[in-house]
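Okay, handing you the structure first.
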Amino acid sequence: MSNILSVMTFLPILGVLLLLFIPKESKGTLRGVAMLTTIATFAVSLPILTGFQTNADFQFVENVPWIAAGPFAMRYNIGIDGISLWLVMLTTFIMPIAVLSTWTAVEEKVKEYMICLLLLETGMLGAFISLDLFLFYIFWEVMLIPMYFMIGIWGGKNRIYAALKFFIYTMVGSMLMLVALIYLYFLGTKAGITDFSLLHFFDLKIDPATQTWLFLAFAFAFAIKVPMFPLHTWLPDAHTEAPTAGSVILAAILLKMGTYGYVRFAMPLFPEATHRFTPLIATLAVIGIIYAALVAMVQEDVKKLVAYSSVAHLGFVMLGVFSLNEQGVTGGMLQMLNHGISTGALFLIVGFIYERRHTRLITDFGGLSKQMPIFATIFMIVTLSSIGLPGTNGFVGEFLILIGSFESSLRWYAVIASSGVIFAAVYMLWMFQRVMFGELDNPKNQVLADLNLREIAIMVPLVVLIFVMGVYPNPFIEKMTPSVMKVIAKARIEPVATAKVVVPVVAQPEVAPVQPAAEQPVTAH
Amino acid sequence: MFDNVWLIPLFPLIGFLINGLLGKKIKNETVIGSIGAFAVLCSFIVSVMTFLKLIGLPAEERVINVKIFTWITAGHFNADVAFLIDPLSCLMLLVVTGIGFLIHVYSIGYMHGEEGFYRFFAYLNLFVFSMLLLVTGNNLLLMFVGWEGVGLCSYLLIGYYFHKKSAGDAGKKAFVMNRVGDFGFLLGTFTLFWYMGQTNNIWTIQFTELAKNANLLPTGGVVTVITLCFFLGATGKSAQIPLYTWLPDAMEGPTPVSALIHAATMVTAGVYMIGRMSYLFIRSPETMTVVALVGGCTALFAATIGTAQNDIKRVLAYSTVSQLGYMFLAMGVGAFTAGIFHLMTHAFFKACLFLGSGAVIHSMHGALHHVHSHDDAQDMRNMGGLRKHMPLTFLTFLIATIAIAGIPGFSGFFSKDEILWQAFSNPLHGDLNIVLWGMGACAALLTAFYMFRLVFMTFFGTCRIKEGAEKHLHESPMVIVIPLLVLALLSILGGYLGLPKLIGDLFGGVPNYLDQYLEPVFANANQYMLAHVHPEQHSHTLEWGMMAASVVIALIGISIAALLYLINPELPKKFTTAFPALHRAVYNKWYIDELYDFMIVNPCKALGRFLWKGFDVLVVDGVVNGVASTVMAFGGVIRYMQSGLIYNYAWSMALGVVAIVAYYVFK
Amino acid sequence: MDNLTNYLLVSAVLFSIGTIGVLTRKNAIVMFMCIELMLNAVNLTFVALSRHLGNLDGQIFVFFIMTVAAAEAAVGLALFIAFFNNRESIDVDDANLMKW
Amino acid sequence: MEINVAQLFQTINLATIMPEIILSVVGMALLLVNVFVPSKSKGYLAWLSLAGLVAAGYTAACGWGQNVDGFSGSVVLDNFAIFFKLIFVIAAGLAVLISDQYMEREGCNQGELYPMVLFTTVGMMLMASGTDMMTIFLGLELMSISLYVLAGFNRANVKSNESGLKYFLLGAFSTGFLLYGMALVYGATGYTRIAKIAAVASQMGQPDILLLIGALLILTGFAFKIAIVPFHMWTPDVYEGAPTPVTALMSAGPKAAAFAAFLRMFLVAFPSMKADWSDLLWILAVLTMTVGNITALRQDNIKRMLAYSSIAHAGYALVGFAAANTTGTSGILFYMLSYAFMNIGAFAIVVLVAKQGETNGNVQDFAGLGHKRPALAAIMTLFLFSLAGIPPTAGFIGKFYLFSGAVEAGYIWLAVIGVLNSAASAYYYLRVMVYMYMKPAEEEFGWVSLTAPVSLALLVSFLGTLIPGVVPSYLLQLAQAAVKVIS
Amino acid sequence: MDISSIFFAIVTIVAVVSALLVVTCKNPINSALSLVLTFFCLATYYAMLDAPFMAAVQIIVYAGAIMVLIVFTIMLLNIRVDANKKHVHQVALGTVTGIVTLLLSVLFLTRGKVAMLAGPVTSDVINQIGHTELIGAVMFTDFLLPFEVTSILLLAAMVGAVILAKKKLS
């Protein structure tokens, strides 16, 4: 099947069409169809994973003309490489879980809800597989719409504010990116590029001043999505108000768009600017890590706390990605997946207790461990994954990021970022303690039921992945390595000869001569 | 040959999985306990076999890496899941699995009837697994896995009684403080990896590789930074100044946990780690000084606090901190073997002490329960005269106490004396030696004092327990007593593994087995030391003299304790009334916790709150919403230009025309 | 040439007076008359220019402007009447239901 | 002066104005038919006029690519004109389709509406086709006078009166400036034919001040029709007061027509002064976008909101004009077409939701539409997203080309201001959605009757908004071909 | 200063004064009558500019048709004198704007150059062939289309006027 990517991407749309013909009263059928659609999408995505060749090329490519008018030529050009592969897999994997998570939480307007979810899936998959800048932009914007509705219609008390804030915040960024995109295209046409295909632009030489502006525009859009300090304030609102599935998708996948955007577009397209802005971005990332941790510490709302923890985690991702060496970028990519899984799981967990108690205030809970041991166990595991305990997925990513950035010019940033490890433990464990430990003194909490089978079924795949990725991350790393190397090769500016050479560039131990230890003069008397 | 090493951590892991996943279904305590204990026993057996195999090898071949699978590869960073079998790790394996097994057995009795029994054993097994990873991991990262893993288990086990707020707090405190240390560990790892790679193009975090290439490292400088980072990690895990405060609080956990984790094994991880990387530490004299001073200070400082505590476990906890200080003192003066030696003997007698105190508490608790009293079962002021009721426990406890006090013939004497002698004689720190020795000696005095204070208050004198409860006090079941006996035995015998040459010579050249055994591990460090510092030759007389001095010191301490708590129990009260401020300060642990709260915890929270309400909400969102509302306000103003009056509209048009025309006319 | 400029200036004066009228009066009919005045000023410009340029295009234009003016007058006055029917006024101040 | 009649007839070439002829004839016929149609069945007139429009559109489309002129060069039927004529036909057709229901509800179901719509369309077509200032002027006046009438059509309604009155007075006032400008251009060049003006202007080198001022005054005249700040003041009031179908037509048709004439005059006659006027358009574009959007933020009446938004949209289109390159101008064409679909579609929904007497026309009254009439709400959502410029809609593609034009011409800051405006505008479009989906209905919806013509209008505008958003290539190529003849 | 200049000056004074009266008269009827006077002045100008046909049309269409319509409407609506609402600001702003307009016009009119076309239609030609005939020849050849469009325009205006001015709907 040569068009498997298209099939995967547009399968949810098929589901939407099906949903349209189901009366809105038969909620069970609606949920079932949505569930089946997402599972089918996941099933379709599996051959992509198995058929993926471990090399740096784009695979499963489809490339047909789409728009051609005036100076522009857009193509329906899609494909995946090691970088997008896992994000696509993450998306298809999370979606059934998201659908399942709302089985009982959403009772109103089920039809619209499911339609939104499926549209969102198409949008996200499309954005990950687009190799045409214009196509990417389209999907990028399309994603906003269902998310906007999900927050606005099924959200909490302050949902309208949150939805509008989310939408307009993101739109401001992406609109500037659009201008940059157009400008880039016209730069390209002068160099003989005839369409929007990303691959063509990789080879485009752009003068540094122009790069700066273009990079800023792209980076701004992505930074909002990531979100990076200080553009993060939409996130806590959006997360707090969104329904569970919305938060899960937002955290697990949507935020990755930002970091993915950096890796896929901003960095390889504008290497000089990347080089120039690395300190700035690293600074913001590190501030984000510490800042979000401090703020998360004093949150009273569990969901908001998790939302701020997202900001911190993505700070790590940014730091890793901008360290521009294999460890850092690989770590960043891994951390994206990890964050998707663990923070997604955290939001699900918050959703579980919210569904039971209709409150998310930490002070309303306490001692739940006694009443809900299975829940407590899963919550604990996810919490640990989130604070990056070795053996869980969170650790591998974080460690690689830190070691990568430490090795690069971002050494001091890495030092400060490492302290985020402490803060993460503080706020997560404190929250865990306040919710799960202590006396079970609230009568409302004394009657809570433990997780039911459906909820366990939602969490088990995530928990399994948490450990699999923590204990045996190599398969994940291997598939992305060639692509990561390619990105680095494109985005990296070799230090000028006169500059102080500090770090040997991607030294290959087996090739580079290793001086035998014995020949070293031993300082002896 | 060592292919089955992976079994060692595997058994506890299996035990953990079985108990953790199925424990709730199993329900039968005996089965659960047996699974837990058996898993560790299996590990112990494999460890013993491994040990035997290892000593069967020539000394120079006793370093074996066993790779299981590649864990992480990214660029030139590579970390395997692989085990390092060498004398040091083997010794630790034996200690961990051996004592671990005893404590598992003990726990079956001790934890009887507790809610979440299966959980306890699952955690305990997980802990053993993590600890085994820590000691056998052949690279820094795998060690770190164990390092954090034991921290986690410690957290889980401290918070075992999660419904108690204090337990939750203590667990969190332990984890966070450990994390501070881990931060140091990580930084150390990064710096080492980067520096080694950058200067020598050796990109590795594997211990044997690092050891092989340690000669490439300079003295001081970067190595100081690296080692200080690692030492920060060690202070966290091993409860040294400044990160020691979590350990006393950790006594919120069940007593077996205190024995296993917070006395015998986990807290020694820092010492082990320094031993493991002795070749690094020795290359930074500055760090060595820091280690020695911190160790000495901690030993002394914790001991002072220990003198004023009334909670039986707290006394032991401060004693642990203090003893760990000794170990660091040893490491800091370059007496690595002595440090490890003390680690081992301490594991024996401190486990014994904790388990003994557990037995006491158990008994007290039962008795108090019978009379429906809410008195604190751990408060020594409620105890006294228990000797009669729990003779076996008393016996083992006394043996362990003598051992820790440093009475000749018992294990503690040998190890502690070795440390004091090294502190005094090792030329590494020059004139600082006297200070270091002095601190050690004072700590020894205090140790003897507060330990015997504990014994006297608990087992001697009149029984101060609530009326009617005394008759319910009884000796513990065999499942508890047997481990005590074994440990007491070890507390006596353990010392003879590392007889000082001086004494060994007395008995016809009995060698210092431990020294010989560990020699290959510290060879690199020792060689370096030999090459760089010139040991002064000390006369045997001096050495004998020092030994005698330490015995005298111990005896003085015991005497004072006897005087104050046995002979004239009114004296302490007088003393406290005479110096109320001092007593209060010591009793309240020199207010260090409060200081930390004031200096770090509260400012952090305040900062967090400020950033949230002040920056996030006010500034960032203020700007965002401000822009929005400014635009909206503009809209509100501009719309009023739309007056609805035609002549206004016409005027606007005319003005537009005039403006445009004027611009071009005057251009 | 001078002759032409004079005409153009006169028409500019008339045009400006018309503009002032539109801007200052409130009676819709008077406003409309002022607009007619403006159109006439333009007409004068056209005719003068046409005469000067020696082609008749300008005058034809004026012819059409007059037609349009007539049509506008018809429609405009009808609108005034319709407005007056509802509001009993032809003052533009009264055309103020819709604003902001 | 002898007139050679045979030669005259050769130059006339009636085919060039065949669409106009058809519409005029149908209009006049409808005036007659109207007398015999009972007032309850005026809907037939709608279908008849639709047929006329389709025929006119078809005739126009048949002339694609031929680029013939007629009436000795005072009119032309080229691709540019045809593209615009199709826009007018679509706008008028959609307006006609949504009229019957509205007029019946408002109790002013007079058959004359349809001929007036056709006449105004004729006017627009002449503006697009005119190559002589006189033709353009007369087209403009035909369009305007018919629109004055249409704006005040509901003569029992005070707001409608007021709307007509304001539109008329201000329109006539702006005509004064337009004419003065034309007079000056005539004086400076000696001609009224655009081609000849262009010939004279291009030889001038440094453009004469008279010509320049003339061009600027003409600009202000068109600016009034397009509703460019500061000539926009009439728009909200007139849009609010006019009968909704008329507002729909007004927002799409005349704007496009004015752009057609504007583009033709400036790109054909005054390209030599491009440096002068494109800077001005830059400023006007910024002003127009910003004022339109910012004011729209605070509107509750949805017609008024859409009126302000139409000002903003004029600003976006001006961005393309300021760029004055093929990308930008073809963007204007595409945008005007999409705008006709999406805006009239939105007005159609407004017609449906409103109650008798134009009550229920506030944003708040849309509360709960999403539950009660999900399909309607969904369609409205598409229109709003398109207006906000969010893919995959025609509105987005249009904006993309407009801003691309600006970027291509080096007006990057203009594009940036444009997109920021676009983002700000999202707020008030989203606000409608907020009410539709996120707030419960405050009172029960009346039975929103969906008659066949309105359904057709909605379907057409829905498809017209969505399809060019997904596969815009063909239309864009047409627009490119259309602007080729004037650039 | 020759006689035609003096005549021009007189007509100009009358035209400007009557135009000013249109603007300033409180009573619409007076404004209307003043406007008629202005129209006559313009007709005079046209005559002076060798455009007798335009002069005639000016009188017939403007003074005759349009003004009658306006006056008729004024009478029909029985409009009284402007209700004296204060609107000083508006008057001031409007006047200033108008004066600026005038100044600007003067500036660009005096600075601008009118095309030097020297077309075929000179006063000799006009005298020879006749103004009306000349107009007719151009109008029905070059400007046939606009002429035809005016028919539709007038039709639309007529229909519109009828619709709008009908009695109130019942």
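Which chain is which? They are A, B, C, D and E, in the order written, and residues in each are numbered from 1.
Going forward, contacts are C-beta pairs under 8 Å (C-beta built on N, C-alpha and C of every residue); 3 or more make two chains touch, one makes a residue touch a chain.
Since the structure is predicted, the reported quantities are computational estimates derived from the model, not experimental observations.
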TODO: Please give the intersection of the contact partners of chain B with those of chain C.
DONE: D, E
TODO: Select the chain at the greatest separation from chain B, using centres from the mean of Cα atoms.
DONE: E
- [ ] Pick out whichever of the two, C-D or C-E, is joined by more C-beta pairs in contact.
- [x] C-E
TODO: Report the chain closest to the protein's overall CA mean, measuring from each chain's own CA mean.
DONE: A
Task: Centre-of-Cα separation between chain D and chain A, whole angstrom - done: 44
Task: Separation of mean Cα positions, chain E and chain B [Å, integer] - done: 103
TODO: Could you please state the distance in Å, as a whole number, between where the Cα atoms of chain A are centred and where those of chain B are centred?
DONE: 37
Open item on the list: Counting only Cα atoms for the centres, state how far chain A is from chain E in Å.
Closed with: 71
TODO: Find every residue in chain B that makes contact with two or more other chains and list them.
DONE: 628, 639, 642, 644, 646-648, 650-651, 654-655, 657, 661, 665
TODO: Quick one: which residues in chain D touch 2 or more of the other chains?
DONE: 134, 137-138, 141, 145, 148-149, 152, 155-156, 164-166, 169, 173, 184, 187, 190, 209, 213, 236-237, 424, 427
Task: Where chain C touches two or more other chains at once, by residue number - done: 8, 15, 18-19, 22-26, 28, 31-32, 49, 52-53, 55, 57, 60, 64, 68, 71-72, 75, 78-80, 82, 85, 92-93, 95-99
Open item on the list: Run through the chains and report each pair that touches.
Closed with: A-B, A-D, B-C, B-D, B-E, C-D, C-E, D-E
Task: Touching residues on chain D, where the partner in the complex is chain E - done: 1, 3, 8, 12, 17, 24, 28, 31, 70-75, 107-108, 110, 112, 115-116, 119-120, 122, 126, 132, 134-135, 137-139, 141-142, 145-146, 148-149, 152-153, 155-156, 164, 184, 187-190, 200, 208-211, 213
TODO: Spell out the part of chain A that touches chain D in their complex, as residue ranges.
DONE: 66-72, 109, 112, 137-138, 141-142, 144-145, 148-149, 152-153, 159-160, 163-164, 167-168, 171-172, 175-176, 178-179, 182-183, 185-186
Task: Of all residues in chain C, those that touch chain D in their complex - done: 8, 15, 18-19, 22, 28, 31-32, 35, 38-39, 41-42, 45-46, 49, 52-53, 55, 57-58, 60-61, 64-65, 68, 71-72, 75-76, 78-80, 82-83, 85-87, 92, 95-99
Task: Residue ranges of chain E touching chain C (in the complex, touch as defined) - done: 8, 12, 15-16, 19-20, 22-23, 28, 31-32, 35, 38-39, 42, 45-46, 49-51, 53-54, 57-58, 61-62, 65-66, 69-70, 73-74, 76-77, 79, 82-83, 85, 87, 90-91, 93-95, 97-99, 101-102, 105-106, 109-110, 114-115, 117-122, 134-135, 138-139, 142-143, 146-147, 150, 153-154, 156-158, 160-165, 168
- [ ] Name, in rising order, each residue of chain B that touches chain D in their complex.
- [x] 628, 631-632, 634-636, 638-639, 641-642, 644, 646, 648-650, 652-653, 655-657, 660-661, 663-665
